[in-house]
Each structure stands twice: as C-alpha cells, then as structure tokens.
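Beneath this line is the structure, given in structure tokens, with notes to follow.
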C-alpha cells in the first residue's frame, strides 16, 4: 500500500546529507516549513546549499540554519529583510556564498528541473548584471538570457492537507513556491496541518498530485 | 464593471480574421469547444493556422473547418484518428500544411508563449526527425532540441463554469490543453456549461484565473 | 527641497488616474502601494501580488485575517470575491508573460531611453536583493515609475543613462514625480504635466536628461490632483 | 510464425510482474494497455494518462461514466479515490521530468543500444503522427517495450540499428516479446528469459542484433507465466 505519511519530524528529514541542495518553501513568513527546517537543524547536515526566496529573519528556520554554520551557499531572490541579521552577518564575513536570481527566474529554473527541460531563455534580467557570464540571445528583437534548471536533492515545503498518496492542497498565499519545489527535488518532504483520508480531496482541486511527493508529516496547528 | 460574459456564440468569435492562428482545446473528443468552432465556421475566417492536438474526426468541429477549406496549416501532435478523413484528404491533396510536434512540446511551446519565455531546450524529439533544422545542444550529456514559443491570436477552449471575471474551472479530463492555451493567446474565448456568480468559485480551486480570459459564453449542456 | 511640489498622496492620486477600470495591476512595494489606497472606488481593479494572489483586497481589521495571506511587501491582505490563489511559477507567468496591464514601480533612476534602475545602488558591501522587479519590468504591458524627482541630496534621478545597475532596458512608459509627469517616447522624454508654479527651466535644472515638452503641458495643482 | 511462443495475455502478465507496487505507471496505447488488466490486485499502482489524469481506474460500466473522462487511447475510464486531474502541460512535466516510474510502450523496432522507433515507419504518403511517445520515452525512469519479436512477415524488430525514424535514442531498458525478455545493457542485449522449447540459436535467428545470454536464463512457460 502506498503510504507516504511518516510519524515524526526526524523521520521526515532523515537522510539529508552534508552538501545537499535543499529547496525551502515560503515567501516572507508565509508558507515556511518552520518545523521541517528545525528538524533539519537537529538532523545536523552541514555545507548545505539552500534555495529559497528570502534568507530568513530573526532566529528561526532559515536564519537558524545560517547562524549555526550549516549553509555554504544560498540561491535566493530577496535575501534582505527587516530581520535578516544572520544572513547579513555571515555574508559580510565571507562565509556564505550568495547566488542572486530574479524571483521569476528562481521559480522557473526549479520548474524546468521538475519538467525535464534543459533550460530556457527569459527576458528577465537579460539587461542586468545578473546576466553576466551567461548566454544572451536576441529573440524577437529582445534580449533574453539563458537560464539552467535548478534541481534540489530535497525539498522542504508546507501544505494544508495531505492524503496517504501525498496529494496536497495548500492554504491561501502559503502555496507560493511549494508546488514548484515539489516537482524539482529528488525527495520532497511536506509538513501539513492535517492528514485526510484518500478520496477526501476533490480531484479537481488537488494542487500537487502525490507523484511529486515522497514524505508527509503532520504538524498540528502549523 | 468587469464582465467578460458575452450573450451569443457569434459575439464570442467576432473579429477572428483571415490568417489568424487559432489554438483549439481538446484531446480526442474530450474538452473540444465544439460550439465555438462551429461559430468560427459561420464567422467565415479563412487561411487559418490551427494549433490543436488532433486533426478532427468525422464531420464536426475541426474536421468541418478543414473540409470547408478554412485551414491552411495545422500544428498538431496526433492528426490521425479513426475518423480523420478530412485531414487525410486535404493533407494528401497537398492543400493542408502539417507541422508535427511531440505532444509535450506542443503544450510546452504554448506555455512558453504564455509565460513570456523566449524558448526552451527539451530532450523530447531531440534524437528524431522532428529536430531537423533546429538547434540541438548537449546538456548534461543528453541531446536537447531548442523549441520556440507558440503564440495564438485566439484560443477557443471549453470549461465547466465561469464567473464574470472569467475565472474558470474545468470538468475531469476535459481540462487538457485549456489552461495552457488560455495563457498563450491574445484573445481567449471560452465556452462554459454554466455561469456562476462572482465569489461562487473556491479561490483555492480556480484553475484558470480570469486574467487569462477575454470572453466567456454559456452553452448549456455542453 | 523647497518650491512647489506635489505631496505623496497627490502623486499617488495622479498615478491612480492612469489606471483604467478593469485593469490587472501589480503595485510594487513601498511608495507604489499607496496608489491602491486612492484609486477611485468606481473602478473595478484586479490587484495581483507576485506571491500568488489575484483579486487582492485591503488589509484585514487588526487581529483578523490569515497570517499567511500577505502581499509582496509582506503586509497582511484579504481576498475579494472572484480572487484566486496560484503558485509562484504561475504568478510569474502572469508578470513576465504580458498579462499584467499596469505595474507601478519605484525607481532609483530612469534613463532617457526608459531604462530602469530600481534594485541596486553603487553602495559597496551591501548584500544585493532583486525580488520580482526584473520580471515585472520586462513583462507588464505598461510600466509606470513612481519616484521622487531627485535624491534627498538633490541629485537628479532622471538621467541620460543610468549609473546604477539596470533592472531592465527600455521598459518605462511614464514617470510620475512630485514635479511632473513625463512620458518616455522614441527619442527621449516628453513632459506632459508640470506642477503649478514650477518653470520648465527649473524642472530641467533638476533633471539629468534633456526634456521635451508636450504642446499642451497640463498643470498639476497641489491638493487638487 | 509457428513454434513455441507466449500468448498476448502471457506477455502482458510477464510485463505486469515487472511493475512494482506503489509505482506511477503510464501504459502506451494498444498492446501495453493490456498490462493494466493483469497486474496483481495486491499491488497498488497509480496509472497516469497523458491527457491529465493520475489514479486512473478501469472502464466504467457500459452507458455510465463521464464521456470526457477518457484515457490516452480515447477509451472511457474512471478515477480512483486519490486520483487527480491536471492540465496537459503539468501532465507532460510528469512524463518528461522523470516522475513516471515505469512506462510500457509498443515498438516498431528497438536497437542494440536501446534506441526506440515506435512512431513512424518508412511508409510513404501516410501522414505522420507522434503524440506523447517521445516525451514518455525520454522521461520515464524505466522504459519497457512490449512488442512482437518480429513483424508478421517474420522480419526482426530487434536490430543493430533502427531503420525506421527514431522516437528516442538509448532509452529502452527491457524488451518483452512472445519469445523472450531481453535487457538493454551497456554493450548490447542480454537475454534474461526465454520461452520454453525455443533454442538460443532459434531466438538469435529471429533477432537482427547480436544477443548475449544471462548466466541463468529463466524459462517462460506458455500458460504459466
């Protein structure tokens, strides 16, 4: 029987190794898989590459991973925020490599990985410093930059409900990067507020079909 | 007030000009916007380029457009079917140009148009005749072929319900190409079984947000 | 900076007049967000937020609302009837794919050719951040820049060429400042509207790029925009 | 063709044994569809259909079901609890992106290097059609080909090089015919299983490409697969 539900947070993040590329969902404080990231902190993997829109705020989740020297590199569109003190500290100290990517390109590169594409040309950023060192091509009279797929070893995301097949629905704007990251990682781990029975989710409304999901863990109240 | 609902099929297809590229939803007999295609037949536009997965069957919809000499070119993944007599007739007579595209590439090319991308590399078809004349590149040890965006002047699609903003939900496998075609055309025209009030569609379950839709027409029982 | 000028709210009102009813609109974070607060209630506008919202409504009452329902500026918002949620990749399809009718963006600099610089300065050692600015700038059908005419130090922000790193080249359609409304047209900049009491020469003096003036320059009256 | 051979249903049963419980599976149209009918009911398999279905169930009772709920072969199907619908572009993300565990495809020809030809012959004047075959062939984690060992005229379909237009190069993992189960490995073809009563020489005689044999070749007994 297919059953992607796991019973605990440590089980959910088990096996994430040193040097892994980890996609972490969330935008601002919306949709962050806080408990999964803390479980990853406890799990102990180091030398991580994080792919995430923001670089954490305050002392929790991504900021805590950075504070605890677990992160070698961050691939990100908007690392600065009002409380991104640990990102700024480690970045200024030269301990943390930053690859800055326009937000749409960040999402699209992960989608390309999930979709089995070899890369794409986008006009976003093609006129900018962020295109330096990349192939630029005129297409229909407009500059486009070639962007490569961005694949994760693991994705950590948050959804609202899951069934044992790993089908997911999300909650309002907390959906953000989750559905795309789920497609782009070798192992997709999801924390959900609630498990439901197989068949309880409307097949017309399932946002992430279980084919993209490997493990789901229930975190009540999240 | 935003109101994308129109009162009749002729109004829905008004203004489609000779030489237009028309994206037509449907897969087999599922999700075909039959009434819109017949309205296009009545409207009279000629010299059309159709983008559609199959080339019609029997005497209705796409087959009727082909029979009536309205179609100059068809961009398609699977033109043959048990009843594709008019396609075969016109094709063998040299009256109908065929651009054959792998099904995933067909869909992805329209998505690229809708997403404002300049093209993408895909492994599908890269080893095949269908890559002839196209740029082929080794990416991660695998051949990929460069595919261009495919944009429509008009999309004709079918959905189940719409509100006045043009938000859409579909019905089972009739969804197929509809959501992608809606993004890829200058004017997207939708036939729906039923109009509903604004706010009646669950915001978590809207498949095509109204931003991609220009006109919706109700065809009861479709 | 002394002399005649529009207040921030006047500026926002002026930008709002350029947003037609029925438009799909993305407002950048910061000053552009103000525009949403002064658009005429007679218009039906569908606001888009890059984090996957269409049909965004006003902020919820304090203590109410869904903590995860936020806008691009990370402030709590609501959803209007007819609104929808979608994932980030679909959201940026809307932005980059030409589906957003109007975007209002802040600007550090705009060039005479409509180049926009609004994501990085030449400050050294400050970690950069880009967000969704580049996708919006290249993708929206109409790009309106809402910014002060000069820096606080009085340095012009409208220049022959941007000196800060570009967001995107040749994308700006219209610039709104506390002094003027300026169109970017082939060949350069045309002043359409000018704040009452400011001379053309004074405007030019605060502008780095050469300005042309429309045949009829409309007067912008502070407090009556 | 006379001599020992598996029936179609035996062949389908043999393929079905290669599909592990829990797998996401796409069955090509035609012969491969049979496999779904003989998979052990002890296994929980999630069937994918290119037109946007995951968790596809069996055909509905005659006269029942939704006329628009069809599979890739345009036959009416149902949806199991846990199933979902999605659009074509997402469906092909699953196929091309390596998310389908196993696909079973028909074949016109397979080469010793695992090249697959299954979409066009060398027939002249016949309009071509490709469908989703190329996306599946390049994208599925495991590509099983289910075909007759030779054409009706007895011409080998397993060849040093395909003579028909390729679907994709180097993608086939295993070939199932009425005579044998053959793996494509680096360096060529290895026979793993052979129908009872057929000699290795006879199999080689009906095969265009050179065959190697596994240390232990399993016997396939017609009627007892």
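Going in written order, the chains are labelled A, B, C and D, and every chain counts its residues from 1.
Convention: contacts are C-beta pairs under 8 Å (C-beta built on N, C-alpha and C of every residue); 3 or more make two chains touch, one makes a residue touch a chain.
These numbers were taken from a predicted model, which means no experiment stands behind them.
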{"item": "A-C compared against B-C, more contacting pairs", "value": "A-C"}
{"item": "Chain C-chain D separation of Cα centroids, rounded to whole Å", "value": "56"}
{"item": "Distance from chain C to chain A - Cα centre to Cα centre, in angstrom", "value": "30"}
{"item": "Whole-Å separation of chain centres (CA-atom averages), chain A against chain D", "value": "35"}
{"item": "Numbers and ranges of chain A residues touching at least 2 other chains", "value": "108, 111, 115-117, 122-123, 170-172, 203-204, 207"}
{"item": "Chain D: positions in contact with at least two other chains", "value": "79, 85-86, 92, 95-96, 138-139"}
{"item": "Graph class of chain-chain contacts, one of line, ring, star, complete, other", "value": "other"}
{"item": "Touch relationships between chains, expressed as pairs", "value": "A-B, A-C, A-D, B-C, B-D"}
{"item": "Residues of chain C touching chain B in the complex", "value": "21-22, 24, 44, 46, 48, 54-55, 79, 81-86, 92-100, 138-139"}
{"item": "Contact footprint of chain D on chain A as seen in their complex", "value": "1-2, 111, 113-117, 163-165, 167, 183, 198-199, 201, 203-204, 206, 209-212"}
{"item": "Residues of chain B touching chain D in the complex", "value": "27-31, 77-81, 87-88, 91-92, 98, 100-105, 107-108, 110-111, 122-130, 143, 170-180, 207"}
{"item": "Contact footprint of chain B on chain A as seen in their complex", "value": "108, 112, 115-123, 137, 139-140, 142, 144, 169-172, 202-205, 207"}
{"item": "Touch list for chain D against partner chain B, complex", "value": "49-53, 66-70, 74, 79, 85-89, 91-92, 95-96, 115, 119-120, 125, 127-135, 138-139, 165-169"}
